[in-house]
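In the two complexes that follow, chain A is the common piece, with chain B as its partner first and chain C second.
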Partner chain A sequence: MAFRFRQPSVLPGFGLTMGFTLFYMALLVLIPLGGMVLFTTRMSFDDFWSSAVTDPRVVAAYKVSFGASMIGASINAVFGFILAWVLVRYEFPGRRIVDSIVDLPFALPTAVSGIALTTLYAHTGWIGRWFDMVGIKVAYAWPGIVIALTLIGLPFVVRTLQPAMEDLEVELEEASASLGASRWQTFRRVILPTVLPALLTGFALAFARAVGEFGSVYFIAGNMPYRTEIAPLLILIRLEQFDYLGATAIGVVMLVVSFVMLLIINVLQWWSRRFQA
Partner chain B sequence: MAGVVSMRHQSGPGRASQGKTEPAPVRWALITIALAFLGLFLVMPLVLVFTYAFNRGLGVYFAALTEPDAMAAIRLTLITAAICVPLNTVFGVCAAWSIAKFEFRGKNLLITLIDMPFAISPIIAGLIFVLLFGARGWFGPWLIDNNIRIIFATPGIVLATMFVTFPFVARELIPLMQAQGTDEEQSALTLGASGWQMFWRVTLPNVKWGLIYGVILCNARAMGEFGAVSVVSGHIRGLTNTMPLHIEVLYNDYQFTASFAVASLLALLALVTLVVKSVVEWKGAREHAQAVREAESEQS
Partner chain C sequence: MSIEIRNISKTFGKFKALDDVSLTVDAGRLTALLGPSGSGKTTLLRIMAGLEQADRGSGQIFFHEEDVVDTHVRHRRVGFVFQHYALFRHMTVFENVAFGMRVQKRAARPTKDAIKARVHELLGLVQLDGLSARYPHQLSGGQRQRVALARALAVQPRVLLLDEPFGALDAKVRKELRTWLRRLHDEIGITSVFVTHDQDEALEVADEVVVMSQGKIEQVGTPDDVFHNPKTEFVMRFLGEVNTFHGRVDSGGVQFGALHASYPHTQRKIPGDARVFVRPHDVTIDTKSNGLPSMLAKVERVHSAGAFVRVVLSTETGQTLNAELSQERFTSMKIEIGSEVHIRPRHIRVFTETD
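Right, the complex of A and B next:
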């Protein structure tokens, strides 16, 4: 059969809508992103390497960004799992409202959650004062970054897990119980392996979102170079110094990380679809 | 990346029967842990915003919202959203129509490309436009010669916001339209409807709730975007400060009450977005149930 770009259809409007879609996307997304990648041709490879990979301040920022994102996503994997389980399996007063509130980080501007968390966890804040009494500094320190990144990642884990948990076949759990497994054994051997792809997808989504996050972290981190400075902030600092090349170099590294995460997430989703089939 | 997760999801009632669920103490312990976690991370910050906004009385609250810089920030935010949301809505409808109703090669690649702005840091969203239009960017010298300002001016803010909110409407509509298939549209055409009649009378009514939620979410994100906008704005008070940037300026000036007053407006917008989402899901579930009932009564 000859190569055919599109299956025939009686519906009208494919040319118009596809044309506009590609035109708009090229103008707004592809050309600007391509412009950034092309910008790296203005520097030598050694310059790129030293400003994006070996500069100690940049390396420290990567460590803060990736480390805190990893911990935030892990916290979300544990508590998001419990939250999704409770929402799918149990009946309790206010369940619908709780289910709606989970989406709050999607809708709440990061600047708002940023100043709210900072005020909450500062040493005089509602929660921060209790940590202060035991000598733990949360706001303007590393734990604050983790808290901000946990907040924004939560809905990704819960919303990815919920459909997978609803698809669990209760019969399998019954079979497991009738064969003498304890509830804990059923959970570990039957439930967890089945929802594992969804859990990993949610973890990856929360991690990817956290690595790029700027607004909420900017307020709570304290932004001390080498210690609580995240990679996106360092891009902004380089730009304010009119160091376009330095900013571009870090930006391209972050872009590559985003692409890799997108790839991993797609593979995970393919895996979980195969699991469900 | 929000779109990778279906945002139109709501759990049905808890359906595990007795006997194969956890013992009651475990159940209540898990519910307590879940609620405590949610309260600590989501509810407390929200309560704090409103408490701090009103803690010096209504007079101070409204004074903070009506002073000239705040008014200018609110105006700029509204202008930005008024440009971004309609454009991204038109794009979303076009993209959803071509992707959901037709089969063609490279569809998955196209969907991944549409998702890209979700995966990219908002700082990079700002950076790419500085590299294009900034003083030392690709078109910078030409723009300076012709006295056109994009970066540190409204066009830059609009562009960065458009980039960040680019996928929202499309990601809401694509799965919805895919699930609905093309039968109803084909019937409309067979009965003699023109393309536009089919779109306005069949397609649009079918997806209206999903479209409304996509638009509302796109709007909330457009009004609340901070990272991308702070790269391109230059923080010129009264001129290029949007509401989130105004919140930052006030907060760094230790004007906490005023800062939380402006923040409370955006928090309110977020709450309205969540309520709309719940209504949309409720309507969607009701219409779905009705369709199922009708199909069953036709069969009997």
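Right, the complex of A and C next:
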């Protein structure tokens, strides 16, 4: 089919809406990010490379940020799946309440959830003390960061999975069972592939949100250089030292890495949607 | 393989979907479960398949002589076809049909080549062999349902169960597909049960029709049998259009309107209320009285577009009647709207309270 810009439609204005879309994207996303990239060209390439790519403290921070975000998003993919499944498939008292609690991490100022988690998971806290007894340090350590990033990513996975699961007819499971499939085979071969596009979207959103997260991690991480320092915090530290260029350089690296990762997830998603109209 | 249902009941909350139902489906037959919505036909089919459990302690289900009431759907080896196809949308036509074979335990699983051969054989049977690489969304409704059928047959089921298999299709495809299903059944001869609320479908396709109402079986018989010899008023009303008269029976006869007919079925001495049913094609219309007992009626409307001409009449008592006559007879009689005619039922069925 030949590509045509002007498609007849009841609603007016491909020209108008497309123009608006470009303007809006430029104003909100492209110009600020482009400006950021442009700003770093004031640095020499060697300076940029040594301060934002090879500096061991920065590299350690990248590892914490992207690593913990990846783990957090993965945890959400598994448990968010179960949560969404229960909310969609079963009718139980208090379902609506649980359903609205899922949104709380959206609404809560992240600093508040950070402080709450820290209090709970510190070695004197309600939950932290039990971990402390078996020698696991949660707050002010890696696990704490993962918990904070899991919390803020949860709604993304649940909310993107719910509509996809509502579309999943019970008949699909019944058909699978009548053809001799076990429960696990039905899950693995029928349910999972059908909702995979939505799961990947949820995963990508949770991951992206976690990479950018600052407030809650700031309180629970302990922020020890080389160990529990996240990249956004490092940017803040550089800003406080009036090293604007250095801060921007880290920002640009994060931007590139995030973009590449989201691109990969998008390709996966496109592949997993190959069967859709 | 024959199916035997013995005393099966099913309640959903307070609703009794099936009330002590017993039924035998002979091996190799194509049987229709026919009834209005809420009659329990789908529930009965789902219980046969094992997708629904009968009430605790109620009855048994036999496949040939094996009691399968506690056999999980996974192991019951039934082919089930759903109204809305329930195809796996992330799989191609080929993968859909192969699914049942691919999920078998390693020891029982056919080889890759055997699976491939079987899938193509089945797709040939349902006349879709060229489309094996398509995804379900690229197929028409009729094609999807044929894929679903091939998928169900792939596991060599003991019985084939179809839940309103043509319900989601448009009228023309529906007709084509039901003739096709009949031919397919003659070819493969698997014991099959299908659910429908469409009496034409049941009467045209099935070897045997099971008419259900309110969780009970009203009548079981061949299409001819249930159509021409309805045992209950419900079956009479459900299988085609009827005109109803209120009448009274006495010894050996029935009186309705101005007419009296002999009614040897009852030997009652005490007169009682009765309902007299006449199918529209059993109503004779005459423009003049020919001496035979008849009823006077006025022509209200005429629908002549169709194989038969339908005439809507109203009797002296204000009752509306439908009659059906051939185009030839209609043209020769010159029936006009508003004219008075004499009507005579050729064939009646009488049901009294005790029937």
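Just so we're on the same page, the second predicted complex is superposed on the first by the 222 of 277 C-alpha atoms of A that agree within 3 Å, B and C clash if a C-alpha of one lies under 4 Å from a C-alpha of the other, contacts with A are read in each partner's own complex, and residues count from 1 in each chain.
By our rule, a contact is a pair of C-beta atoms (placed from the backbone, for glycine too) under 8 Å apart; a residue touches a chain by one contact, two chains touch by 3 or more.
Just so it is clear, the model here is predicted, and its values are computed rather than measured.
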Partner chain in contact with A:S100 - chain B first, chain C second, else both or neither: first
A:E169 touches, of chain B and chain C: first, second, both or neither? second
Winner by number of chain A residues touched, once chain B and chain C are compared: B
Which superposed partner A:A177 touches (first chain B, second chain C, both, neither): both
First, second, both or neither for A:I82, with chain B first and chain C second: first
Touched partner set for A:T124, first chain B, second chain C, both or neither: neither
Partner chain(s) touched by A:T41 [first = chain B, second = chain C, both, neither]: neither
Partner chain in contact with A:A208 - chain B first, chain C second, else both or neither: first
Overlap of the chain B and chain C footprints on chain A, listed as residue numbers: 174, 177
Complex contact set, residues of chain C against chain A: 49-51, 72-80, 82, 84, 86-91, 99-100, 103-104, 135-138, 148, 151-152, 154-155
Contact footprint of chain C on chain A as seen in their complex: 169, 171-172, 174-182, 185, 189-190, 193-194, 196, 272, 274-277
Complex contact set, residues of chain A against chain B: 5-7, 9-14, 16-18, 20-21, 24-25, 28-30, 32-33, 35-36, 38-39, 79, 82-83, 85-92, 95-96, 98-117, 119-120, 126-127, 147, 150-151, 154-156, 159-160, 162-163, 166, 170, 173-174, 177, 183, 202, 205, 208-209, 211-215, 218-219, 232-233, 235-236, 239, 242, 244, 247-248, 251, 254-255, 258-259, 261-262, 265-266, 269
Chain A contact footprint on chain B (complex, rising order): 1-2, 4-7, 9-17, 19-23, 27, 30-31, 33-35, 37-38, 40-46, 48-49, 52, 87, 90-91, 93-95, 97-99, 101-105, 110, 112-117, 119-124, 126-132, 134-138, 159, 162-163, 166, 182, 185-186, 189, 195, 198-199, 217, 220-221, 223-227, 230-231, 244-245, 247-248, 251, 256, 259-260, 263, 266-267, 269-271, 273-275, 277-278
